Amino acid sequence: MPALDPVVLFFLLGLAAGLLRADLRLPPAIYEFLTVVLLLAIGLKGGVELASQSLVVMLPQMVTVVLMGVALPLVAYPVLRFAGRLERADAASIAAHYGSVSVGTYAVAVAYLAYRQVAFEGYIPVFLVLLEMPAIVVGILLARGVDRNTRWRMVAREVLLGKSIVLLFGGLLIGWAAGPEGIKPVEGLFFDLFKGVLALFLLEMGLIAASQVGGLRRHGLFLIVFGIVMPLVAGAFGAGLGWMLGLSVGGTALLATLTASASYIAVPAAMRLSVPEANPTLSLAASLGVTFPFNILVGIPLYHHLAEHIHRLGG
Amino acid sequence: MPLEHRKLLTIVTEAALEHELAREIERLGAHGYTITDARGKGGRGIRNAGWELSANIRIEVACTVDVAHAIAAALKARFYDDYAMILFLGDIEVLRPEKF
Amino acid sequence: MPALDPVVLFFLLGLAAGLLRADLRLPPAIYEFLTVVLLLAIGLKGGVELASQSLVVMLPQMVTVVLMGVALPLVAYPVLRFAGRLERADAASIAAHYGSVSVGTYAVAVAYLAYRQVAFEGYIPVFLVLLEMPAIVVGILLARGVDRNTRWRMVAREVLLGKSIVLLFGGLLIGWAAGPEGIKPVEGLFFDLFKGVLALFLLEMGLIAASQVGGLRRHGLFLIVFGIVMPLVAGAFGAGLGWMLGLSVGGTALLATLTASASYIAVPAAMRLSVPEANPTLSLAASLGVTFPFNILVGIPLYHHLAEHIHRLGG
Amino acid sequence: MPLEHRKLLTIVTEAALEHELAREIERLGAHGYTITDARGKGGRGIRNAGWELSANIRIEVACTVDVAHAIAAALKARFYDDYAMILFLGDIEVLRPEKF
Amino acid sequence: MPLEHRKLLTIVTEAALEHELAREIERLGAHGYTITDARGKGGRGIRNAGWELSANIRIEVACTVDVAHAIAAALKARFYDDYAMILFLGDIEVLRPEKF
Amino acid sequence: MPALDPVVLFFLLGLAAGLLRADLRLPPAIYEFLTVVLLLAIGLKGGVELASQSLVVMLPQMVTVVLMGVALPLVAYPVLRFAGRLERADAASIAAHYGSVSVGTYAVAVAYLAYRQVAFEGYIPVFLVLLEMPAIVVGILLARGVDRNTRWRMVAREVLLGKSIVLLFGGLLIGWAAGPEGIKPVEGLFFDLFKGVLALFLLEMGLIAASQVGGLRRHGLFLIVFGIVMPLVAGAFGAGLGWMLGLSVGGTALLATLTASASYIAVPAAMRLSVPEANPTLSLAASLGVTFPFNILVGIPLYHHLAEHIHRLGG
């Protein structure tokens, strides 16, 4: 079994092509398309499993996960503000990015586990949905304080009706309603091609990540260090939580991956509109230029080992 | 042919602002707008439209001088500091003045 | 077996997202792509079956189907004109929409039957091709009368060389020429992914249907009633015809679906150029905003039961 | 640099008219045109380019005043009543007058 | 509202030249540019954007008269003979003269 | 087994639609997407085989192939310049097109052999990569002579970092690194759908080829003759070479196809920038309007028979 998951190699290809300024780009429409398929596929898969789940088990887990989504940015903020000497808005925005989650990273982790035949709770995508939003709210509060001018309704619309949640949640519902049998007809596209679609998606992500390096060059060492240490800390935290919540090794690894991952779709969009004075090049340089590559190259295997370890110790 | 003078206001900015600007433009009295997808470079660096957050839009509004100035002033006040945005006015002639 | 076909759930997701003004849209290029694949897939499937067909059997059926395509708009027109008090051009245009067919609706019906393992004559796609055109000609005549200014050559080009017919007919020819064996290499894309592609297509159709509701709000009750009653009547008529033509239960259900369905690709495009004074929001509100959803949610199962019924009675 | 004055005619209308307008524009004496895909809002409501029938195109024609007026007049007569369409003229300078 | 006069230089040419023109435009002193994908027809025939080699781009540069003339002259010298390309200038008003 | 490979029928459909000016086009984004998938798929397939190859065997073959890539345009040039009475720049540019290779033609040949279960050396895609570049350099030298103003660095960038080489070469590396096992997860997209993707690609190629006919009408008989004779000569030459290099019948047929094929992606782009005075309508009319159709309709089967023949004689 190769050291790197094959799909990750596509990310490296894209990254290399981007850094070499190769004349290579997937049309935006294709990138959109791949994102839609990935989000739906993840949702559908989760929904099918959901059918066979008791809410009694999940509810406490869901509450805890949401609380974690609130806690993470609160931890990250002071570090960014004082250790990183960043503007308030920038610190708040970056904190929100790391409190939320990255669908791409999650997909790679799923591919990683599937490839090693590690089982996990099929309903984890529910956490994915739950973790999108809270960090954004916290981030805005951190940037603005309790400001009656904040257009919360707009923020809520922006996020709840944003592409990621609509497709993930919609996929969950459809998968849940159709059930394992009903979903079969569409498995050809959403499940059998999942890895291939993910590979192309990562190719594009590599190109995008490369275009963020400029931001790094300008804003120096701190973001790099933060972009690596933060996921490690958060990942460890998430792994511990997963174990406490009684998740399997696979589920623990996935929750660790979620907490360790930083958003680059929902959060940047929301921050751009709600905290415009925050500089997007900073947050994207960190989340796309550093943390995303780190997680899919180094982090995920690490979180997996960590999960195994905790479960061995914790028994 | 009877032609009347109007202004063409052109805005190039971040795609993320599309909905917000559309609302603003109508609120300030314009009767319509045209949007095309764009990419480009300016003070805030290259925006190559590789993905959502680096995409630009180009908005055109044909309207009266007053409306054009009102929109320009409003956008300057609200967006110039925080967003990649430029804006310029040109003179045009239209056939149906009542439309603009 | 779920009440609703899973693929239909994607339509509902799109519809809901559209009505909630969610920030979700498939890029036009993707919508185009999905349409191309669907049209080719339907054509190919039909062509392969065609190989094993005697023209002697089909010819009378084909003639009858074309006559039906002429009759339907002639029936719909007076209703629209007098009961609906619509302008002549609008009545004619809407009549043409309902005289022609909807590929999306057909695809859902095929999925529905396949899902229930109901067999049907594989060459039905031929009817799909045959039914596109006649209603358009009738519609133009209804709007213009026998007007020597009508640019028939342009109309013919517009329709015969339009996307739908070229791809359906082209697919038929290729499938027929390649045969069951020859087509195997491309089955992976055109057959195995069919349902998945259809699901995404319906997601987009839901978004588009939602955007037609405005038209409805403006033009009131009549279009809604017409958009539901017309397909029911036409469907019953088509079912009867299917039985008379000696089609199987599945084939009868499909023919009923075709007659009940209203066009939203070929006809609107043709009418826009040939009967410009007809208001497209009216016809699309009816065909996309009412009839398409009605057919895939309620109509198709109905037409299927009807077909079974007729065959039981008729023996 | 020797620059000559010409008109820039800009049309925004339904994508369905692309072929027809291209023919018309050439017939009326223009030597070329440029088309970009667009979306927008106007008197006939929102056209968000979600699918073929709600897509706009934006056509630009650099030509002489006379040709510009001829095209404007022709389009007004033939299309204004039935189609989503606007049209405006601007002044431009060109390097190769013979081309326009 | 204090508006200053500038020129808007519009270039329509083959997509293949995108990188090269961007470099040239900046080299000659412009502070930015906006690019949209286009198709069209002209002296070198139809360019319908069916594939890379038949695609056009439409580049806009808001700049001073001198820069506009410099770019126009440079492009004329280097590209007119061998490439499908047109170019025209228009008058615009801008809010932040220092940007252009 | 049908006379024509089914995928080729899609090319004919596109060609017919194009010549009839049908209202059919794949969005550019989709064409881009299909190209990317084809290039990656070919690269990946080659890379996987590469794993089990000794460089000792390949190196001499690779060198020979490169030399052939240099020789071909040198042979074609005088013919074009003197028999064809073409301008120096045009002759040089066309020579470069025919010295380089066409990925689409190669893909059709692979489909053709697979369909007939003819085995071939899996690493042939390496030759595809090697043959892209040399002809371009020769072409520029033929047009410019040894001109110190030639921006070689720019040319090198343009080609080595162009889409075709980056994706082919990247695919080779990924396939090689992942190996037969590692590549499995992405086979669904890149291998199982290969023929279907190729079919859609050829549909678009047909439309594009049709749009080149104008160029032909203008520049007459010579290009047609050259566009047919040149691939025949080059193909025979390539077949001989393949046999000398000890390639299998399938490998020989593929090398013949490569030498017979004319580029329409990398070379035109490079020539446009490096030899702008060359008229692209001429070279594309020949390579797309004549040679590409000729090769996939007539050439490939011919080169295959030729390969069998040579191997029978040569034993």
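Order as written gives the chain letters A, B, C, D, E and F; numbering starts at 1 within each chain.
Keep in mind that, in the parts below, a contact is a pair of C-beta atoms (placed from the backbone, for glycine too) under 8 Å apart; a residue touches a chain by one contact, two chains touch by 3 or more.
The structure displayed is predicted, hence computed values, not measured ones.
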Practice task
Would you pick out the chains that touch chain D and also touch chain F?
Solution key: C, E
Exercise for the section: List every chain that touches both chain C and chain D. Expected result: none
Problem - Proportion of interface numbers common to chain B and chain D (over half same, under half different) - result: different
Exercise for the section: Measure off the straight-line distance from the CA centroid of chain A to the CA centroid of chain E, and report it in whole Å. Expected result: 40
Handout entry: Gap in Å, rounded to a whole number, between the CA centres of chain E and chain D
Key = 19
Exercise for the section: Would you please write down the residue numbers of chain F that are in contact with two or more other chains? Expected result: 27-29, 193
Completion exercise
Note: chain B residues in touch with at least two other chains are 36-37, 90-91
Exercise for the section: Can you identify all of the chain pairs that touch? Expected result: A-B, A-C, A-F, B-D, B-E, C-D, C-F, D-E, E-F
Problem - Of chain B, residues touching chain A in the complex - result: 14, 16-17, 20, 45, 48-55, 79, 81-83
Handout entry: chain B-touching residues of chain E, taken from the complex the two chains share
Key = 1, 3, 6, 8, 22, 26, 31-37, 62, 90-96, 99
Exercise for the section: Please give the residue numbers of chain A that touch chain C in the complex, ascending. Expected result: 27-29, 32-33, 36-37, 157-158, 161-163, 166-167, 170, 173-174, 177-179, 181-183, 185-190, 192-193
Fill in the blank from the handout: Within their complex, chain F touches chain C through residues 1-2, 4, 6-7, 9-10, 13, 16-17, 20-24, 26-30, 111, 114-115, 192-193, 195-197, 199-200
Practice task
Write out the stretch or stretches of chain E touching chain D in their complex.
Solution key: 10, 12, 36-43, 56, 58, 69, 72-73, 76, 80, 86-91
